[in-house]
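Both of the next two complexes hold chain A, though its partner changes from chain B to chain C.
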Partner chain A sequence: MTIAERASARPLAVSGILKDPILWLLVSIVIVGAATSPHYLSELNIQNLLRNAALVGLLATGMSIVLITGRIDLSIAANMVFATIIGVVVTAWIGREFDVRWIVRGNTFVGSPVVFIAVSIMTGVAIGIVNGIGVAYLKVASFIMTLVSLTALRGMGYLATNGAPFYLKGETFNWLGDAVLLGVPVSFALFIILVAVTHFFLTCTTTGGRLYAIGGNETATLYSGIKTKRYIVTAFALSGFFATVAGLVFTARLKSVEAALAQGYELTAIAIAVIGGVALGGGTGSLWRVLLAAVTFAAGLNLLAIWGVPTWYQNLAIGAVLVLAVAMARFQYKSQH
Partner chain B sequence: MENIAPILELRGISKTFPGVRALSNVSFDLRAGEVHALVGENGAGKSTLLSCMNGLLQPNEGEILIDGKQAVLSSPSIAIEHRLAMVHQELVLCPNLSVAQNIFLGREPKRGLGALDRVAMNRKATELLDMIGVEIDPKRVLGTLSLNEQQIVEICRALATDPKVIVLDEPTASLNDDQVIHLLNVVKLLKARGLGIVYVSHRLNEVLELSDRITVLRDGSVVTTVDAEGMTEPQLVSYMVGKARAGARSDFRERRHGGVMLELDGLSKAGKFQDVSFKVRRGEIVGIAGLLGCNREAVAQAIFGATSTDQGEILIRETPARFRSPHDAIRLGVAYMPADRKNEGLVLDMNIADNASMATLGSLGTWGVLRRGRVRRMASDIVKLLSIKVSSLSQKASQLSGGNQQKIVIGKWIARNSEIVVAEDPTRGVDIGAKAEIWNSLQSLADEGKALVVMTTELQEMLHVCDRILVMSRGRITGEFQRHEFSAETITQRFFA
Partner chain C sequence: MPQPLDWLRHGTWTGFDGFRHMAAIEDKAGAKPSGNRPAWPALPAVGDLSRVAVLIALVTVGQYLYPGFLSAENLRVILTAVAGIGILAFGMTMVVITGEIDLSVAGVAVLSTVVGGLLIATGSPFLIIGAVLLCGLVLGIINGILVAKVGISSLISTLAMLGIAGALANIFSGGQAAYPEKIAEFMWFGRGTVFGVPVPIALFALMALICLFLTRSATFGRRLYATGGNARAAMLSGIRVDRVKIAVFAFCGVCAAVAGLIESARLGYINPAAFPGLELKVLAVTVLGGAALAGGTGSVFGALVAALIIGVINNLLNQMGVSFYMQQVVTALVILVVVMPGMKHRKFVK
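So, the complex of A and B:
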């Protein structure tokens, strides 16, 4: 899809969405869910489902931005955990240094949420920038660069925590993790707002247009006088940002964080991005469909959980969905060309 | 000749794609030991017809007969079984493998237990290369070969399947004049060995020299099939373009030259070019001629800041300039039209408006928010100015013909109002009508006082439009000719200096 086509589809062309196969997949999952389980459409389950959708959707949004530039970011899941760990560690340190009476008792942490969130996000974005510099300026293949980051971040996460979990307490976390506004969990509302802003950024700003151009043909973009390297760094920084926001949402729900969490979530994010129509080769993709894909994905996984399918099979399902989505995207691309 | 039965015959072939009728009722036949050329403008249906011949596409109507027997070519491998071999225009080889490995890819000679028989493979490769009179070491890595040597390897690869029919799709498109002569000799050799050859080319002089018969396609139909003997280029052109557009061509225009816009002073880059110095004035079109491997494209890239240099200076409007990236060069008014427009000039999956505004996007927004109205207005101005044939501005660049694609690239820089234009092979793979239009647009830029540097593979085109031609050979400038001194012979002699 080109920028102009995306633009013409922007006023949420209802007919276009109705034709979207993902929507129909979602509808069928919900129908099957409602038919097989009385709990599926309960308020609690739907909220639970939306919280999950927000988490994986935030990761997938960051992943999509990087995929659009023709790169991949495998470090997001590690980054999301690591950034929040650093948030905790640094906030606790600041508390000690400045003698603020934040309580850190054992591994239980009650600190300033503002400092915690700010430090986490700065950490996540910084890691994204480092990835971006490695990819754009040092010309390390993004796959390798972010695989190295993934490993390093996991390792450093263990070092910073000794492998033990941190427990978090405080109103803000309760609110971010559990609160519901007008029937919608706060984290999901946050997800929608961020998707809306980022969608605008990608489709209606010059920077966004260039990210698509880089993914479509990097040389031609460079030869049009565009400083492609900076934009690649920007994409990775945004991916780091979204990873951290996902990490905050995740931490707020669990009320704890530890180094070993969220293993393999990067693959989930890739799967959702691809189901949402983001091309692995770069250059195309719309965040609205990624949002839809995230909800669909969460709805499907939720259904498997309700049926009592063990986690290992769920992982298998994620893998199968990823392969299927990539194959179908290829098929669709071929039939268009 | 008439009595010999065709080895390949296509009868009443039609092929439609959603919304487009690419071929209608095309008939074509080929005899053993014959070169049958297929000519037509881009979009005339040549590629579709070739794809039907080698099994990539299946026609909706019509039949294909091989040795008089009906055949269904459902895939390229089945076409090969029917001893039809195809040599693609774009090289489809693995640059990391050896010549012999490339020739026998998928058909490697084996010893017991499936082990590769390298000795046999290299020997057979040498035999094939000998057969067409080329000396290339089969053990060499393909990527180290020149483009025309690679082309010959591609032909050998086709020959390795022991074909009766060989289809050559624009084999000379990226070759220099002397390399073309070599390749034509190879084709003549194949013909003498009794192969039937389908030959597709935009270069009508070689078509006339080489072929026995010529089939002209226009808009998916056969205009005529004629004996090559007695045909002339203008006649062929009028068949190809129809009466209305025949004779279109751009003529040299006299212009006044202003101050020096671009100057290279002793520019050098190790292993690429040495001590390159020249000046280009306002309103001047300077051509750089040379053989493949003279590295003139590296000079172009240096002027555009896409490659670094070791020594010497580039001066823009008589001020020394330092380019760290194309961004810097573009800001000083340099534009670059790469020879490989699909991979370097356009984002094929993006639409026309977005492509045309690529170099000006920054100025089309307000605080970074894109003003889509402005982008489209600018793009539609360009489309009108250059009479680009598009169905809408939202059409993807990949859906345009080569000529129209090239015009988008030109338009991108017109929008930017770049004052120094470096154009590499601006008419590569473009049909005759569009060629004239592209040269007209480029000449108009010079008329407006812009400075142009052009380099084409076909010297003839530069002789037509340039004010001055420089010759490069092995990275050095070996000659300079003013317009009144132009002669293909003397210029070509400097190629080898």
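So, the complex of A and C:
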């Protein structure tokens, strides 16, 4: 979508929202769920579903921002685990400097959550910036750059933990992972707020518009005097930020973190972004639809789990739905053009 | 006026294509028309030779540090360890040359061997090995049809295939491993020898020769590179681009089946949860081998050398007692260092 088309499509009309096939998919999943299981619409299940949606949705949002600029970030899953691990390790080290033991018996982390969160986010954003510099300034293809950092981060995660898990203890983690605000889990509320802010940033600010412009036509953007490189670094930094927030939500929910977690989540994030209509080629995509796609994805998986479908069949369903969704979009596109 | 080192900076010295070939993704828009250079490589490009230089340097260091490095025994260890991933990298390289990508190799390898494992009870090696290869071929063809006929981006369709094949492998096997140890012919793929050469290494060499022949042959090789270089131009000049893509995906599926066969025979059991993250390792070798994800460039010879480089590095690090996880970090950095030079002159890259 060009900038002009995007501008004309900007008012989020109710009729436009109602035309969205993902919304109808979500509605039909919820109706089928409510009809087939008395537990599907129970408060506990919905909260569970929304927590899952928040995790994959945060990852997919970061991925979408990078995809919009026409790049790809494969390192998000490794980044989210590595950033939280570094958060624990560095916080514990700071504690040792001040003669406080923040890693107690059984590898349990009891340190300051504020320091932990700050260090994690700084690590995640720094990794994103390194990826961005590699892609924009050193001109390594994003696929390769982030593949390399994926491998390196996974390895360094093991080195930092020796493969053992850290257990997290503290009120903040309980709150972030388990608490419910007005019927909505904290992690999902966080997800909604971040998506709203980022959606505003992408659609209503110059910087955001330039990110779309870079994805749409990079040469033209460069020739109109926009310093594309910085914007690409920004996109990767945002992706690193979202990956870290996903990592924080994830670890707060599990109350533990280890290097082997979240294998393959980068692929789930790509799948959600694509179902949400983000084009792999760049220039197109709306975070609002990514949010819908994340909730739909989680709702569908939750429905399968409630039916007692084994995980393997769930994976089968994910793959099949992905192919069908993209094939349908493809046929729709062909019939329109 | 040309400066003395212009060719070094821009890689434009006629006949010296090294740095452009080392670039992992050629900027297709900025790529110059190939001039009097044939559209498909007739001889190993200089970029491949620079990778060979890296390999020789690594081997020299290895032999200097550990005098037994070049012993037949250690070479056997290195080559056997790298045979499976190398064969996968050949298939992946051919897919990448056409401008597509195949993320499903791990799923295809697992599902094919699991299907073979289901037939162990029949006791017929012909049936088992045939089923493994056929399954790889069929999955590859499905990948190809989804990409070339249905028109789904290969990143998405093979990603979905990875999930589907892995899930089917678990469903078919009930999550249980199968033990093919009684089937001597199956085990031969991992542990047998041909004329004193272990079968994995022999297969590695054989697949290398087949792929070299396919990519260098005047007809198929030219179609392959033309498809990746500019699919529309290739189509307009009478190449059936969709068939080329399906053929290449089918070949990659067979490569995955062969690699699965080798690895499960080496281990002595068929594991439905095998090879997590294998596709990314294979891609790393492919990229190190100089294939451009944008399509149209890359060579099987490069992939062969890249597989050897990875094998030698891992072997060296093992001998130094470096932990497996540190090895991941080192391998990642080596890929970055080998892939990075020669990219400066490009305007931007995706």
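Operating definition for what follows: the second predicted complex is superposed on the first by the 303 of 337 C-alpha atoms of A that agree within 3 Å, B and C clash if a C-alpha of one lies under 4 Å from a C-alpha of the other, contacts with A are read in each partner's own complex, and residues count from 1 in each chain.
We take it that a contact is a pair of C-beta atoms (placed from the backbone, for glycine too) under 8 Å apart; a residue touches a chain by one contact, two chains touch by 3 or more.
All figures in this text were calculated on a predicted structure; none of them were measured in a lab.
Engineer: With both structures fitted on chain A, tell me whether chain B or chain C touches more of chain A's residues.
Structural biologist: Comparing touch counts on chain A for chain B and chain C gives C.
Engineer: Which of the two partners, first being chain B and second being chain C, lies in contact with A:V100: first, second, both, or neither?
Structural biologist: In the superposition, A:V100 contacts neither chain B nor chain C.
Engineer: With both complexes overlaid on chain A, does A:N217 touch chain B (first), chain C (second), both or neither?
Structural biologist: A:N217 contacts chain B only, not chain C.
Engineer: Looking at the overlay, does A:K139 come into contact with chain B only (first), chain C only (second), both, or neither?
Structural biologist: A:K139 contacts chain C only, not chain B.
Engineer: Going by the contact rule set out at the top, does A:T207 touch chain B (first), chain C (second), both, or neither?
Structural biologist: So A:T207 only meets chain B here.
Engineer: Touching A:N315 in the superposition: chain B (first), chain C (second), both, neither?
Structural biologist: So A:N315 only meets chain C here.
Engineer: Classify the contacts of A:G283 with the two partner chains as first (chain B alone), second (chain C alone), both, or neither.
Structural biologist: After superposition on chain A, A:G283 lies in contact with chain B alone.
Engineer: Output check: A:A34 vs chain B and chain C. Expected answer is one of first, second, both, neither. What do you get?
Structural biologist: So A:A34 meets neither chain B nor chain C here.
Engineer: Using the superposition described at the top, list the residues of chain A that contact chain B and also contact chain C.
Structural biologist: Dual-contact residues (chain A): 219, 222.
Engineer: Can you tell me which positions in chain C touch chain A when the two form their complex?
Structural biologist: These residues of chain C touch chain A: 24-25, 29, 103, 146, 150-153, 155-157, 159-164, 166-168, 170-171, 175, 276-277, 280, 283-284, 287, 293, 323-329, 331-333, 335-336, 339-340, 343-344, 346-350.
Engineer: Quick check: in the complex, which residue numbers of chain A touch chain C?
Structural biologist: Per the touch definition, chain A meets chain C at residues 70-71, 74, 134-136, 138-145, 147-152, 154-159, 163, 218-219, 222, 228-229, 263-264, 267, 270-271, 274, 280, 282, 310, 312-316, 318-320, 322-323, 326-327, 330, 334.
Engineer: If you look only at chain A, which of its residues touch chain B in the complex?
Structural biologist: 2-5, 7-8, 204-210, 212-213, 216-217, 219-227, 283-284, 337
Engineer: Show me the residue ranges of chain B that touch chain A in the complex, using the header's touch definition.
Structural biologist: These residues of chain B touch chain A: 304, 306, 325-327, 329-331, 336, 338, 343-351, 353-354, 358-359, 361-362, 364-365, 368-370, 372, 376, 393-394, 396, 398, 412, 416.
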